[in-house]
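First comes the structure, then the notes that go with it.
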Amino acid sequence: MSEQPLEVPESRAWPQEGSTTRVPYWIYSDPEIYKREMERIFRGPVWCYVGLDAEIPKPGDYKTTWIGDRPVIVVRDEDSSINVVENRCAHRGARLCWAPRGNSSEFKCPYHHWSYTLKGELSGMPFRRGVGGKGGMPKDFDLAANGLRRLRVHNEGGLLFASFSADVEPFDRYCGSEVLSYVQREFSGRPLQVLGYNRQIITANWKLYFENLKDPYHATLLHAFFVTFGLWRADAESACVSSEDGKHGVMISRNRDRAGVDETSTLSSFHSELVLEDKDTVTPRREFADGKVVGITLFPCVVLQQQANTLATRHLIPISPSQVELTWTFFGYADDDEAMTRLRLRHANLMGPAGYVSMDDSEVLNQTQIGATACPDDRAVLEMGGKTADNCDHMVSETLIRAFYNYYRTVMGL
Amino acid sequence: MLTRVILDDLNARYAYALDSGKLDLWPEFFTDDCVYKIISNENFGLGYPVAAIYCDGIGMVRDRVVAIMQTAVYEPRTYRHFVGTAHITGQEEGGVTSEANFALYESIAEREPRILFVGRYVDRVVMADGAPRLRQRLVVYDNYRVFNSLIFPI
Amino acid sequence: MLTRVILDDLNARYAYALDSGKLDLWPEFFTDDCVYKIISNENFGLGYPVAAIYCDGIGMVRDRVVAIMQTAVYEPRTYRHFVGTAHITGQEEGGVTSEANFALYESIAEREPRILFVGRYVDRVVMADGAPRLRQRLVVYDNYRVFNSLIFPI
Amino acid sequence: MSEQPLEVPESRAWPQEGSTTRVPYWIYSDPEIYKREMERIFRGPVWCYVGLDAEIPKPGDYKTTWIGDRPVIVVRDEDSSINVVENRCAHRGARLCWAPRGNSSEFKCPYHHWSYTLKGELSGMPFRRGVGGKGGMPKDFDLAANGLRRLRVHNEGGLLFASFSADVEPFDRYCGSEVLSYVQREFSGRPLQVLGYNRQIITANWKLYFENLKDPYHATLLHAFFVTFGLWRADAESACVSSEDGKHGVMISRNRDRAGVDETSTLSSFHSELVLEDKDTVTPRREFADGKVVGITLFPCVVLQQQANTLATRHLIPISPSQVELTWTFFGYADDDEAMTRLRLRHANLMGPAGYVSMDDSEVLNQTQIGATACPDDRAVLEMGGKTADNCDHMVSETLIRAFYNYYRTVMGL
Amino acid sequence: MLTRVILDDLNARYAYALDSGKLDLWPEFFTDDCVYKIISNENFGLGYPVAAIYCDGIGMVRDRVVAIMQTAVYEPRTYRHFVGTAHITGQEEGGVTSEANFALYESIAEREPRILFVGRYVDRVVMADGAPRLRQRLVVYDNYRVFNSLIFPI
Amino acid sequence: MSEQPLEVPESRAWPQEGSTTRVPYWIYSDPEIYKREMERIFRGPVWCYVGLDAEIPKPGDYKTTWIGDRPVIVVRDEDSSINVVENRCAHRGARLCWAPRGNSSEFKCPYHHWSYTLKGELSGMPFRRGVGGKGGMPKDFDLAANGLRRLRVHNEGGLLFASFSADVEPFDRYCGSEVLSYVQREFSGRPLQVLGYNRQIITANWKLYFENLKDPYHATLLHAFFVTFGLWRADAESACVSSEDGKHGVMISRNRDRAGVDETSTLSSFHSELVLEDKDTVTPRREFADGKVVGITLFPCVVLQQQANTLATRHLIPISPSQVELTWTFFGYADDDEAMTRLRLRHANLMGPAGYVSMDDSEVLNQTQIGATACPDDRAVLEMGGKTADNCDHMVSETLIRAFYNYYRTVMGL
């Protein structure tokens, strides 16, 4: 039962002119491109983020989520291991679990009560042998052949990933050692505690959101709040690091003081007169030894955010070419003191749909989607910081986006 | 003393202040030691503290106003609040606890009007400086997620 | 005695009971000989008796609660009621007849909030056991059809 | 003016493996399949239900409805016969009748006042001969050639059917004798009275709803209310009957008492402690001599329901691949006594969008549509009661669905 | 004398008259020298006088009723008004100025119910002939544009 | 970077039978036809209306609008000339201006602060030379090659038009002399003043709206208000005038008294008993020397309306095959006296979404869209006033629509 072949018209050719520095706008709205992304990327040999281990602490705890356009259940088994199975009954296709979370010792489909173990094995159904000698399932019906599709799973320090592909690389090779070290810096195995969610629709293609987090330079201009309070500044000690193939990216910087006499203070986004009454909102407490602020885009669907004292995963769930659900899961470490939790919650004001900083992003990305959709045959120009996709030791660059699209074109055959 | 009719008056003035864009009047509705949160029913029900907007004290309420007016980048829009009849759920030291349903519509150029938020206010109201004020307003929204951005308070 | 303000109080408590999921409180709002129906404006206008929910007497009201809680299979959701200011349309033996507009929003995980029903309550209200109660509540909805399912009362 | 040829990709091949017992999920979401259904099924050689004769009792009474994606008017002519015409002006395409029902001696289009008889014949228009000697219609304009499209009509004991096809079989042959006998059992010509409508959107493909009514076995599991009060039980004397070609189906059972010591009482859906205050809600009065409860799916768009003392037609009007409008028309017999009408209304609580029983269906079908849409290339497994499509004398079977898809594949060329 | 509660009563009666299709009662809510306009927030804010409906004097109010009932061609539909708690914004000769939020839903056969208008009433209310009446009602709507047609008053 | 070739299936063939008098319904709903319209018409060699000169009176004043599916900015430059540029940043595609209007001395993109002059020239961006010697744009980055797309502009007596095409004819040749004379009759250069907007969605294809204003005959039937008060009557001295190629049309008539004894009084739309309390609403003051009432459809996207004393442009902005935004800009002359302005506002009650007359149109056009969408393979019959597309000296004719589609078929290759 192979997928329907995807036909992307030949006119969908990547711009020849400086191909690394040009991105055609049709990738943000073409439904055939979107279908191909679902197939080759989200159901391909990738590790998709599905949640935090701390969301389902007890055996039988489950959550439902999506990998691209496929619904899945993430469940903790009796032996505390994590299983990920498709959230779709093998009988006639009903979603098995209807609630976002729960605890159960088995999955029973409401329609005809087919029952599955937490591993997705079909364990039985009513009337299998008929009623009063009549009806029932055929003798040769094979329970073992009719279970749920089960995915490969990886738990990296509390971050849960799953893959539809049997051929996906081991997680460490998938990340590459440098990106992995940044992941492990935040997810070292130190137990996490969930602080809550923010869920929003971003009215833009999922890649535009991903690009936004591979673009450190916009944050020094668009985000007046950042600049004004020194949380992200173009003159801070910074770096841009990609995995070798370009699919993952890491933006590294440092929180600084309020801007002094430098490039920043001449920007229109810097408001020197602005003072907050609650200083704590913009005063991070140092918690990582290296003093860095790190944002990681882990292909294809998660951003790992550490900014001031707010930690979060941002899970991208594409809904259509022009919409993506963004689930922010805020967390701290289980051993955080009260003062740290207080800061994490205050700093969460920068993030989410009403975030002092993130609000700008959802607004500008919607505007980008409008522009890109209107003119599919035009293209973006990505030349800040040069025309290559090399790592760099500053943030005045679009190198991570260039690296990303080099990789994307390979996977997508574009 | 804090009757249902007085709470309705308070809510009408509150909606009027926000909907007519008088954002600078908004902090006046709160006590100095107020808590104001816009929080999903999901987080609220699970006991998770994270909120879309989290203000602990009048300073943070005022900071929110300043930041929206001076640093936020957003497409112009109009919000319109509907607040149901208040329901007093209890009496406490100096005031009452109450709840009221709310709905918030968003209107933006070139788009159809949209129901953006729907939920309830979970309030603690006291008399302070001669007027009823909010010691607590939890804006607990039912909708699963926020459609793009939330710019102004609810 | 049954003033408009009292009817608004009744409607606020009614909405609060339903929206906070206290379904077991819902029968308390009715008299023993009550009639409760959720009926389309189409059927109502044509004089057809069929209703989406039809309760003739408090027993059927209570049965509805029990059946929803014990036998119904449905995706979890939140309802949110908005009831307009009541309008007393007449006086009758022991009480009043009145109407009030209502809107009902539905919020479900992974979906946008949705206006599910819009219409009017056609009520007969009396004092019974020391409180205003509904001898009749006809929930007459304007919308042509129901979007998928109607799980809880309106 | 032939239809645009429909191109269903070759990859849309029916699963080879046990083709009678497998249904591919792409039939529930593919827009090309949907278009082909509108053409080959709804505008093909079928009898589509359009209403009850009792809805338009007087000459000039009309109602508007849809046959698939085509708007039609059902009207009683002066001589009391029934006409069905397309609800679309022959001039420039405006819908003629804008209200769901009315009474009129002619149809006059609001746009330019072209007028039609109740048979759909164009009878005239203003200014046909011009004004003051200027303008007007050409001399050779032929009124007779510019009427409304008129459909074939059949009235079966008060049930009204129409067909776009000139080649459709006579209604009795279309039903087959056995199915026809079940139709005539309820619609014997005894005058009907309408008790009211329930209209709902089912957020699922129309065929999923049709399947649901060809699946007696789900009702014993999903519908706890049914099981608990003995209105539908797997151990009741039952049968599944298809028309020979498989397109129509009849589920037959009996209302029983509350469950005793048998299979049912061990089911999780059985709630032995549950007691209703209003016993009448679950206590049918016997009205058919055979004591049977009968549900008929009459291809392609109506379900004839008799359950307890509630009688209704359920009219399926597809809106899109993922939505179908379901119009329930509740009725009784014109000579019902008051006590019977009282029961019909009480028992209607089981049905419709808030029905004690039907609510479960609209919920589970939406979940099935979600699952099927997410995984178009997977397929349903229909093996309950065997792998053939034969009739059976019990309800623990999916045989009626298998029969239906055998037929469907032929019509659809799949 | 013209308290907030009286204004709410007025608005409830007004909504009831319109929503129950008693269009002929609508002129009764106005004074003879009334101004009634349905105007976009865009025009209102820019000071442009053009309105979707513009009535200058009770005659034009009555003309609107007559024209809708006798000459307008439209698909049948139901409107449902929700009016928020009124807020008195000032006192003036013989009455008060006030505002209230409104939302208007439209229900049409074969369609889902739709939020058609959302905005605020900008009113001048006076006592006339023994009842509170509208000397001015500006229906200032937030939504950028009208979805197809506006048939009845708001 | 050429457009993706548009594939309109061969089955989309114009009806052979009397091709000038038949219009197939698929042109109102087919998405490929719509795409081709955007390309060949709206981005082709046409003059698209974009607003009134009086909307942006001062240097730096701008408004945003759309030409078909492309967002544009219309701005008054320092030297008072008018520029029209695409509203989309050349960097990564964000819309530049987010508000419907404003005043600015430059356009600065919120995302990365690229700045453009009011002519659309890229003037610079932050960090062009990097920060602290790191990053920045490549040395060879050419500001001049990265500006906004600028359109050709024409100002005809205060009416502003723009074109994406370098090959578009001069405006006078584009109109033809006769149509141009009617345009100049109303837009003579006499200064205008804006009185306000009415914006509405018409739930119909944009061409159906355009047809409606090329169809004088419907107005005498559908619009009971018109007929009753003599504002538009079939027996008034009238004419229909097309440009030579057929794309533009002019309907000319006269306001008359209430109907007397003639064809009109026998129409069902004439209500002799109807009396308005406010007579001024239906009593125009003579303002044009010729006493005429003139409605012009200027291809492809504006209607110029003069009716009673209400003057307005009606701007058509297609949103999808089944929806078009209609922006009414009401205006008067800057030197109107108060009494005239009072009448203009009163007479505006006839127009817009709640107009005594226009309300009928939005209603009937929605019904036409429903009918046409349901039956794409059927066609309209346009024979009123004959089968040719000649001008005529009466209004009992569909000649302007026939002329329009003759032209449309040529442009669209149908």
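To keep things simple, chains are lettered A, B, C, D, E and F as they appear, and every chain counts its residues starting from 1.
As a convention for this text, a residue touches a chain if its C-beta (ideal position, glycine included) is under 8 Å from a C-beta of that chain, and two chains touch if they have at least 3 such contacts.
Everything numeric here is computed off the predicted structure, so don't read it as measured data.
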Joint neighbours of chain F and chain B, given as chain labels: A, E
Taking each chain's centre as the mean of its CA atoms, which one is farthest from the centre of chain E? A
For the copies chain D and chain F, the interface residues, called same if over half of the numbers are used by both and different if under half, are different
What is the chain whose Cα centroid lies farthest from the Cα centroid of chain C? F
Dist(centroid_CA(chain A), centroid_CA(chain F)) in Å evaluates to 44
Taking the mean of the CA coordinates per chain, how far is chain A from chain B in Å? 30
Chain-centre distance (mean CA atoms) for chain C and chain F, in whole Å, is 48
Two or more other chains touching the same residue: where does that happen in chain A? 98, 100, 110, 201, 222, 269, 325, 360, 363-364, 367
Return the residues of chain C touching two or more other chains; collapse runs of consecutive numbers into ranges. 5, 73, 75, 82, 103, 109-110, 112, 115, 144, 147
Which chains touch which? A-B, A-C, A-D, A-F, B-C, B-E, B-F, C-D, C-E, D-E, D-F, E-F
Counting only contacts in the complex, chain C reaches chain E at residues 4-5, 41, 82, 84-87, 89, 99-101, 103, 115, 117-120, 142-144, 147
Touching residues of chain E toward chain C in the complex: what are they? 5, 8-9, 11-13, 15-16, 19-20, 78, 80-83, 103, 105, 107-113, 115
For chain D, which residues are in contact with chain A within the complex? 9, 11-12, 15, 23-26, 217-218, 220-222, 234-235, 263, 267-269, 360, 364, 367-368, 370-372, 374-387, 392-397
Okay, in this complex, where on chain E does chain F touch? 38-40, 42-43, 46, 48-54, 56-60, 62-64, 66-67, 70-75, 144-151
Taking the complex as given, what residues does chain D use to touch chain C? 100, 194-203, 222-225, 228, 269, 271, 274, 276-278, 281, 325, 330, 341, 345-346, 348-349, 352-354, 356, 359-360, 362-364, 366-367
